[in-house]
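Order of writing sets the chain letters: A, B, C and D. Residues in each chain are counted from 1.
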Amino acid sequence: MPATPPARFAYLGPEGTFCEAALRTLPAARHAALTAHASVPSALDAVRHGEVDGAVVPFENSVEGSVSTTLDELATSEPLRITREILLPVRLALMARPGTTLTDIRTVGTHPHAEAQCRGWLAERLPAARVLLAASTAAAAAAVSRGEAAPYEAAIAAPLAAEWYRLCVLADDVGDNPHAVTRFVLVSRPTQLPPATGADRTTMAAFIADDHPGALLEILTEFAVRGVNLTRIESRPTGYGLGRYCFSLDCEGHIGDARVGEALSALHRICPQVRFLGSYPRADGAATELRRGTADGDFRDAALWLGRLREG
Amino acid sequence: MPATPPARFAYLGPEGTFCEAALRTLPAARHAALTAHASVPSALDAVRHGEVDGAVVPFENSVEGSVSTTLDELATSEPLRITREILLPVRLALMARPGTTLTDIRTVGTHPHAEAQCRGWLAERLPAARVLLAASTAAAAAAVSRGEAAPYEAAIAAPLAAEWYRLCVLADDVGDNPHAVTRFVLVSRPTQLPPATGADRTTMAAFIADDHPGALLEILTEFAVRGVNLTRIESRPTGYGLGRYCFSLDCEGHIGDARVGEALSALHRICPQVRFLGSYPRADGAATELRRGTADGDFRDAALWLGRLREG
Amino acid sequence: MPATPPARFAYLGPEGTFCEAALRTLPAARHAALTAHASVPSALDAVRHGEVDGAVVPFENSVEGSVSTTLDELATSEPLRITREILLPVRLALMARPGTTLTDIRTVGTHPHAEAQCRGWLAERLPAARVLLAASTAAAAAAVSRGEAAPYEAAIAAPLAAEWYRLCVLADDVGDNPHAVTRFVLVSRPTQLPPATGADRTTMAAFIADDHPGALLEILTEFAVRGVNLTRIESRPTGYGLGRYCFSLDCEGHIGDARVGEALSALHRICPQVRFLGSYPRADGAATELRRGTADGDFRDAALWLGRLREG
Amino acid sequence: MPATPPARFAYLGPEGTFCEAALRTLPAARHAALTAHASVPSALDAVRHGEVDGAVVPFENSVEGSVSTTLDELATSEPLRITREILLPVRLALMARPGTTLTDIRTVGTHPHAEAQCRGWLAERLPAARVLLAASTAAAAAAVSRGEAAPYEAAIAAPLAAEWYRLCVLADDVGDNPHAVTRFVLVSRPTQLPPATGADRTTMAAFIADDHPGALLEILTEFAVRGVNLTRIESRPTGYGLGRYCFSLDCEGHIGDARVGEALSALHRICPQVRFLGSYPRADGAATELRRGTADGDFRDAALWLGRLREG
């Protein structure tokens, strides 16, 4: 392989977020330039403008659900492609400046999602503490590090944030749900399409016509009839009134697979708009199990058979 | 057009059957050589062996249902193609040798299907007469014409049979159901494929796997999801035990239509065997109404869109 | 149990048919009075008029398909109920008067269905013989027994017919398909409903609205959604024009089962007409396998839950 | 009607939220005691503990989507019932203390959802201003009213908040989307069930089994087969790992309607858990259009028919 310039990646900052931790799990990030961005749109714009090669942003969380900004940005702003997914267990820690003890803490800063995941722990261990919301867990940690000017005595954030902001971890694993995991995606320019591996996932956004209550059933049937399993389905408002939805979908398989391609084409025919958001290897490496008659070879044989019949 | 040798057609005889009447409605039959055959397999074999250009055989009747021999021959013997359909109202007449009157008639010969369609008339007008079954209505008429050796005094057959066998019509329109109609098909060699007209029908036979109770639902869904209407569905035993079926199907549209082609290809993938039996103009000329997103242009756009996405 | 008068049964005659053989497999037929009838409608009318307790008639054959007369009589004439099914392997024999040898045979009489099942054997062993069609295999055997007046030298019929008509079996098992089996049904008055056994079958006829191409898909979905497997589906014309069908259906389970009852009720709601034709034990004794959530207990729990919610 | 004590209602506070504005649209709220609560769980707990008769909380917004806390609280905490829905157009205003002008504003406080709906206006009219997030739009307004101690010079909030906190509206209608609307629900104790009106909506939460990719298609089919339209579908994580969902659903109709009751019962049978969250009049008053065969009378007729068949 020829020498390539070091890669550049954006991520949802500030420094010390789970998002940075997710990005650092990528081999390509080891010697790369990493830039923290204040928002998901800002990180994605850096990709669009060619300032970075890719951006890692949060996509969904097993406790809090999808990250609306990411979904909506990918579905409706200038097109980009997901080229990789990263699963990161959510490990939340309570952190404060050195010398602080649990009994000193009257207010805790954290991100709303993290707050939701620590309610049980806080009610039990810091029942008197007030929780103040911050734009991110790392921002809360950064604020704590400011000393006298800090809006709260402690933050709940990723352990990485304690390193960045020189805080002490007062309690580790303060999340109520030990299975909590966040899925991040690496987003690249729209010409990127990772090759099929046999253990792939495909993400798309399908907009439905306003007056069509059976539209979701139709969409699901297009996948089911071709043996394509859906692994995520999320309804998002389109902004044009209640009941008008865009569906954000993940399915098993790669757009290069015949069954996935035919299903996507069907959506293109029946939906007012469909946006393909990428095919990429599954982080869990689970190979797609194929139903009888849905392998690429089956589609190839059927196309040859049809061609012969049509030629007479 | 260059001069062509006169066409040759086989039909299910003997002379004077409804089948001959159906064949005579075809312009191509006007100056053609017509050959009566003793059975549907014999007429179809004449096509297979190149002795004739086509054969007209009965396919289904609005009172009696499908003609099993035709369905099974087309589904399982050496392949042929339906290239045309003919709808013929069933007009049955009671006929006898000149001089015979209704009161002379103690026995009536006819085909089982015709018998079933005249039971009401016979019970009312000839309650004492016995009905003897013949291989065809025309065969019954022919037998009556033999005079002393005739096994019965009268026959119920097509008016055309009275002409052929010089019999007198004692009563016309003796069928109980004035809407009765028979559908005949013109069967040609398997290289024939009439062009799409926008008002077409496609016939096929789909064999299902033995142990699969939901197979028919799967087959119907493959058509429904692509907006293809079925106009006939008939289950036929495969001969390998009860519950093991082949489905004989007609759908709207032409194999050259994208939606029909994709549906047929899907059947090819999910069924152990599918046999295409022809696409041909509908006799009633009813144009296919297309559901949103299922026109050829929709499929073409979707394929182009998919191609661009796959190329990156 | 109190002493009961001997049962009386009708069957499709004449004596010596497969139908009689099927009836004789029933324990209740051992000491019963059995009456041969000339046609299926005649045998069923004997039940309707109270002349007999039940009638055994042919329903479907694994080679020839459904018996149209039986299906149509049950679907459209005065209501009756199937209370039992009998499976009988088709064992056809070539029989003639004593002293006849194979080389003597120039014509063979049999029923069209039997003829279809012996074509291979006849072509190989009696290639020169002509086949004449009779109203039943037993009628052909009876005709052979008439000696000089016989229309043919031999008959193909059930071995039982050779006993009845004192004929000799020249060749046994002349059917081409060793798996051939015929299903007969015992038909009783419409108040009869055998208790559920866990291995039951239910038969019905569903008429569809004329202008509704998706009607069959709807019907199948009503069964599928409740986990009820269909074991037979047959389209029958309604007599009012091509494309207007009645579907004759068998499903697993008993009308007393909650899932079957709800599916039948749904058909009653969505079809212009549905006729229930009976729930009865399967002849093969195969117990119905239930899908998760479709047992009677599941329906009972759901009804209790719904009732509590509605009461508030 | 007898005299009743004044009603008591909780709402998501602080005073001046859209939620209070929604509550005030209810006739029953006119002379009632209204209590602001700091969070949705707190407002709902007030209902559970009998402190109030009902609570009004936000449910979904046409731009931002569902309110996760409300959905999750209703789906998984101690049961309650939605008894009414309120639609409120989102009218956002920029407000500050008297004397402040647009050019004075360097920071703006608002709720994240409101921020998302004003991005365009802010970028155009206050491009240099920083946005700070607050727990609610009203909390931001309240903070502005604190004078010197205020964390920002202006707030984006409901016009009602300007009244409460004695602020001046500097710009009205600063939302980017003029169609934005928020749906609030009135939540009562679980014994409340408003009567059916013919223009009702039913809300429920259905949990699916972990390993079942086709579960959503199954759920949708249970509604579709009974002619029940879904008007909202939202997937929510269950907290036990990605891909494990609960679906929050709205359908047309009332649990007292036969078709809705049967569909809910089916969900109870096939899902590990279903929670009924209420049937109540639609705020838009749109009467449910019934598909052929799905009216209560159709279900009643079918039940009577089934009962007669089962009795024999």
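By our rule, contacts are C-beta pairs under 8 Å (C-beta built on N, C-alpha and C of every residue); 3 or more make two chains touch, one makes a residue touch a chain.
Everything numeric here is computed off the predicted structure, so don't read it as measured data.
Enquirer: How short can a path of touching chains from subunit B to subunit D be, counted in steps?
Expert: 2
Enquirer: Centroid of subunit A to centroid of subunit B, CA atoms only: how many Å?
Expert: Roughly 58 Å separates the two chain centres.
Enquirer: From the mean C-alpha coordinate of subunit B to that of subunit C, what's the distance rounded to whole Å?
Expert: About 26 Å, centre to centre.
Enquirer: Among the residues of subunit D, which are close enough to touch at least two other chains?
Expert: 221
Enquirer: Think of each chain as a node with edges to the chains it touches; is that a line, ring, star, complete or other?
Expert: ring
Enquirer: In the complex, go through subunit B and note every residue touching subunit C.
Expert: Within the complex, subunit B touches subunit C at residues 60-65, 68-69, 87, 112, 116, 133, 135, 177, 179-181, 183, 213-214, 216-217, 220-221, 224, 229-237, 239-245.
Enquirer: Under the stated contact criterion, what part of subunit D meets subunit C in this complex?
Expert: Touch list, subunit D to subunit C: 191-193, 221-222, 225-226, 255-256, 261-262, 264-266, 268-270, 276, 292-294, 298-299, 301-303, 305-306, 309-310, 312.
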